[in-house]
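Both complexes below contain subunit A, partnered by subunit B and then by subunit C.
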Partner chain A sequence: MLIAIARRILLSLLTLLMLATFIFVATEIMPGDALDVSLSADELSMIPPERLAQMKRDLGLDRPPHERFGAFIAGIVQLDFGRTLISKTPVWTIVGYPMRNSLILAGAVLVLAFPLALAIGVTAAVWRGRTVDNVVSTGAVIGYSIPEFVIGTLLVMAFAVAWPIFPATITALTRDPAATLLAASPLAVATVLIGSIAYLARLVRTGMVDALASDFVERLRLTGIPEWRIVFVHALPAAIIPSLTAAALYAAALVSGIVVVELVFAYPGLGQELVRGVTRREVHVVQAIALCSATIVVALNLLADLAILALDPRTRRA
Partner chain B sequence: MSDITRRRLLQGSAGAALLTALDTELLGDAAAQEQPKRGGALVYAQLSANRRAGGPSNHKHPYFTVDANTKPIWSTPSWVNPDLGWELEVATKIEQADDKLNVWDMTLREGVMFHDMTEMTAADAVASFDYHRQNAPFARQIVKVEAAGRHSVRFTLDAGNSEFPYVLAEYNSPIMKAGPLETIGLDGIGTGPFRIVSSDPNRSMILERFEHYWRRGFPYLDRIEIHNREGQQESALNGLRAGQFDAVLNIDGRAATQFENNPNFAIEGAKGGYSFVIQLPKHPGSPFLDKRVRQAFAFAIDREAIVRVAYSGRFGWVGNDSHLMITDPSFVPRPGGRDVARARRLLAEAGHPNGINLGTLYWSPQLPEAGRYFQVLQQSVRDAGITLALEERPNDGYIQFRTGDNDLTRGNFHKFAMTAVGSRNPGISMFRMRGAFVESGHWRGPEHDRYLALYQRAMVTADAAARRTIYAEMQSILHEEVPAVLPAGGDTLLVRRRHMRDMPYHPQIWSIRFEQIWRA
Partner chain C sequence: MIRFLRRLARRPLTILGLLLVGGHLLVAAIAPWITPHDPLRLLDAPLEPPTAIFWLGTDELGRDFFSRLLLGGQISIVAAASAGLIAAIGGGILGLATAYHRGLFDDVVSRLVEMKLSIPSILLVSLFVTGFGQSLGVLIVVMSLIYMMGVIRTSRAMGISLMEQGYVKAAKLRGESATTIVLREMLPNIADLLTVEFALRTSSALLLVSALSFLGLGVSPPTPDWGLMIQSGLQSIRSEPWLILAPALCISTLVIGINFATEGVADLLGLEAARGATGH
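For the complex of A and B:
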């Protein structure tokens, strides 16, 4: 068991190192630099070339890539992503609150999505082939297939413009408390929630259908155990284990993948900061966000692996 | 100081008249005659936020606030009015101290208070411009700034500049409270009509009325909320439709047409907001080395069609191949108009009787209409036998891509490419066509030298009318030489809810006067 855990942790660290290298290369090959994009054509017209070269030197933009890579890896080890190029602000102070906000949004969605998806998935599986199952299955396919920006836009047109009961765009501040942020974001939460429930309910339904058709459930039925007990006490745990890794990966993808929704609603999360970082060539900000997102994915995947190790004895022998 | 009136300018511009008519029709006379009221708030979304991203340590500094429009918080010595003339602002006098126009004296208004209730003096102006001259491109010409009294300041420039007062009106020329170079401006304290209450870097800012603002009776509003929605026009417009915002600044022409028939909203436009320059490379082997090819290209472009298609016919204007905007009093229309036959003739003389392929014209989506703009251009020059390919490049790294090296011997040539240019005074605008700058395609030759000599003469000519004559001669050189083409430009546009009054837009988006806006 311990060896299996150690192996998975080591693999995760190796994955992170490879990701860090990939992120550095990806940011390195982006065209232009922070100075290019911080100056308008109007301002640029007034700066002589030699002065421009000096400004690049002052910002460290002329350092060779291997030097910057060394500094990047050393910074990761010390959890220090450096400072922004133009304003010299520590990257953590730029990224910290947006990351918290993205986690709040994703967390709120998951807290609502897991129980709802469980209830819907189980209901569809228990009444497999009936109307309720057909409605759930069709609804899940539709909900999962429609892009989030379309769902978001439709919700805005319906509940903010035509029937103005919710805000169309989020004007809450980056450092507002979680409750304030969530109160300002009902349509953003709903947008992500629809897709999440659709995906997770399909997972649960599939697992439950397999579990309810399995031999051990058939034997339990023959012993006369009530059906509700078979469903919730015996079949459900068996159905959840295979879905766990997929659900953990989905949760991780949600944290890093709600960029579009954040942009549609102007939610003060990592997505906005990432887009700003890319468009303004603040490579340290982009690197920090990409690496943090990657770390969350790897960590949640590791947690799912460990949970399966704990729940399913067969995996410990593998 | 400016001697033109808005009336005269509007008379000379059919497009501007259209805009004015549109607004008058929509607003009605009754609204125009209402008395301003005090109180209330303006909540607006800004689609063209500050290019310099602020962080937690510097978000109250005028260079890094969420909106590059710094005038609500800080005052500048002068102000550029919507007719592009300059006026005194927090200075009571700005005059040249010598005939060479490289020493300027400024007298500051007395009794102007900062938001912390200390009086603004020459020491604040000296400290501020010492900072600006080291950090703002437009102020780099200042080699020395010194106090000549409690409210008097003397500027020494590296060369004569008859239009120096325009530099003192830039958004990066506010007077901050004196302090060391490392920390000046970080406190966010200015002498403007509103003071900062809170600021969320890059996202939003809340301002409230400063009761001791030097323009007595202003501002009318109690509060302003600014929300950055850069690149998120639909999100901003949804917020406007839902009643969260009172106005959205810097919308494009197509968005404007969505609102013009809606009785709840009004569109405000300012003629001559910006333009596109197409640099014509003159490196070895370029077809643009031949002046006749450049002339043919200029004659072949259907500029009216660009205005019609890219700017809905109303929100744009025909350029004259200089960097001047149509509302500039020095603007001289390009003679001859579109002349396809002449373009064909010029090409034949240049050895291209069957037409010419100019290669690839690169463009980037700096403004939403850029794609349509260049498609119309591509189609229209085909009538004269000119073919060109279009290639969109990302905004990221675009400056570096199109610029190349100034030293043409290194082989990293500048491109046949566009870029957007803003509305400035002739002294700044016409300097952009110098040979040492890429937007002229590194133009060289005797006519270039004559152009620069005229420019230098204009810079040491104090009389505005005499200067205008020089600028007209410079434009005639450009019309003949065509170092670059600027076929058409767009207006700056905002959409507001009707209860926000006296909120006209400005061709320089940073010069809008927020203290005069009121809420009905």
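For the complex of A and C:
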């Protein structure tokens, strides 16, 4: 058991190290260096060579790649992502609060999505092949086939323009407390929620259909246990455990969705900083956002793995 | 074949999906010849309401909106389908190769797959756009890599069960090379799976491209594109809502069509398609 846990944790750390390496290579080595990337060709030609050399020294870009990589990793471990290239602000002060805000949005969505998806998925599986199931299954496909920004825009049209009961854009500030932020963004939460429920309910339904058709449930039915007990006490845990891994993987898709939805509603989260970072070519900001979100996803996957270890004795070997 | 068609006839949603996809592909293919006006010409009349000449009015720069709508899917479809195709074929071969060799090669590829699955697609594309600049080529390459990882996972699982098949063992005994066995013996046997993967990955790629265009990181103006059109339509959401509704309807019906069609066809082929869209 302890070995299995240690192995999972080590693998997660290895994945993170590979990610950091990959991010470093993708942004700092391939096409030139961070300075070439953040300045346009025009700007580069305007700067005298001595000044450019000085700028590179200031940023530590004159050092060989392996030394810079060492510094990069050392920085990450101390949660220091460096400073922006132009204004020299520490990256952490730019990314910190927006990251908290995105987590608040993600948390609110998940807290609502899990129980709703469970209820919908179980209902569809129990009445498999009936009208409820068909509506749920078809609705789920439609739900995740429509881009998040389209869902968001349609909700704005319906509930902020045609029937103005909610604000179209969010007026809350970056450093407002969580409650203020959430109270100001019902449509943003609803938008992400629709896609999440579509995905998760389908997952629950598939797991539940398999569980209800399995031999052990068949045997329980023969013993005369009431059907509701079979569904909730025996089949549901068997259905949820395998879907936990898939649900944790969904975290990556959730982050992508949140980034887009934040821009639709002007929510003060990572999405805005990301687009600003990419368009201004602030390499360190984009690196920090990518790394932090990936760390959260890796951590969630680890948690799902550990939960499965705790709940399902069969996985403890190996 | 006739049995296949008869079973297909009992699935209205699958037929609807195939019709939607077919219609969209047809319009995208012949769009350059049927657009009533030049999609890039600026008329001196921005945000005109729909008229007999300009069927959907003009956009914020005074360009014919209907013409732009007809052309608005082309770039996304080409980019998404190229990425889907590269991902399906490349991922299929790599997945089978890892199933064939196992060992260290398998471990390395599995770790790469896991790494990709932990980083949100939009962030991955953002990293590359920051590093290499915003271009369609970069977009196609990055999306191919993103979706290849998922295909590797499924085709590796299929490959492991294929390794137990008699014909693979026979080919090994004949002394065929690994390359021949993977490409000649195993690859044709996962053609069904790869076709479904191609369709699923293309629909995910379409969602990603349109989201990127909406963020201003995908297709660049003035090229007509649905994601971009929705983005610029937001300015006049109160007065000209059709500037948003029309492209929203186009992109949504295209992706819904692909997913309905894929799900139905995968089911008829006996493949497990319940995985659905695997992370946008």
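We adopt the following convention: the second predicted complex is superposed on the first by the 271 of 318 C-alpha atoms of A that agree within 3 Å, B and C clash if a C-alpha of one lies under 4 Å from a C-alpha of the other, contacts with A are read in each partner's own complex, and residues count from 1 in each chain.
The working rule: contacts are C-beta pairs under 8 Å (C-beta built on N, C-alpha and C of every residue); 3 or more make two chains touch, one makes a residue touch a chain.
Computed from a prediction, not measured in an experiment: that's the story for all the values here.
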Message: Going by the contact rule set out at the top, does A:260 touch subunit B (first), subunit C (second), both, or neither?
response: second
Task: Once the structures are superposed on A, label A:281 by its partner contacts, choosing first (subunit B), second (subunit C), both or neither.
output: both
Query: A:233 contacts which: subunit B (first), subunit C (second), both, neither?
result: neither
Message: I'd like to know which partner A:89 touches here: subunit B for first, subunit C for second, both or neither.
response: first
Task: Check whether A:158 is in contact with subunit B, with subunit C, with both or with neither, and answer first, second, both or neither.
output: neither
Message: Looking at A:119, would you say it contacts subunit B, subunit C, both, or neither? Reply first, second, both or neither.
response: neither
- request: With the two complexes superposed on chain A, say which partner A:250 touches: subunit B (first), subunit C (second), both, or neither.
  value: second
Query: Is A:6 contacted by the first partner subunit B, the second partner subunit C, both or neither?
result: neither
- prompt: Between subunit B and subunit C, which residues of subunit A are contacted by each of them?
  reply: 30-31, 37, 153, 156-157, 161, 168, 263, 275, 278-279, 281
Residue numbers on subunit A that touch subunit B, as the complex places them: 30-33, 36-47, 49, 51, 84, 86-89, 93-94, 153, 156-157, 160-161, 164, 167-169, 171, 173-175, 263-266, 268, 272, 275-276, 278-282
- prompt: Can you list the residues on subunit C that touch subunit A in the complex?
  reply: 13, 111-112, 114-115, 117-124, 126-132, 203, 207-208, 210-211, 214-217, 227, 230, 234, 237-238, 241, 244-245, 248, 251-252, 255-256, 258-260, 263, 274, 276-277, 279-280
Statement: Touching subunit C in the complex, subunit A uses residues 11, 14-15, 18-19, 22-23, 26-28, 30-31, 37, 138, 140-142, 144-150, 153-154, 156-157, 161, 168, 199, 202, 206, 249-250, 252-253, 255-257, 259-260, 263, 271, 274-275, 277-279, 281, 283, 286-287, 289-290, 293-294, 297-298, 301
Message: For the complex, give me every residue of subunit B touching subunit A.
response: 43, 45, 51-58, 64, 137-138, 140, 198, 200-204, 225, 227, 229, 231-232, 234-236, 238-239, 241-245, 394-401, 406, 419-422, 424, 428, 431-432, 437, 439
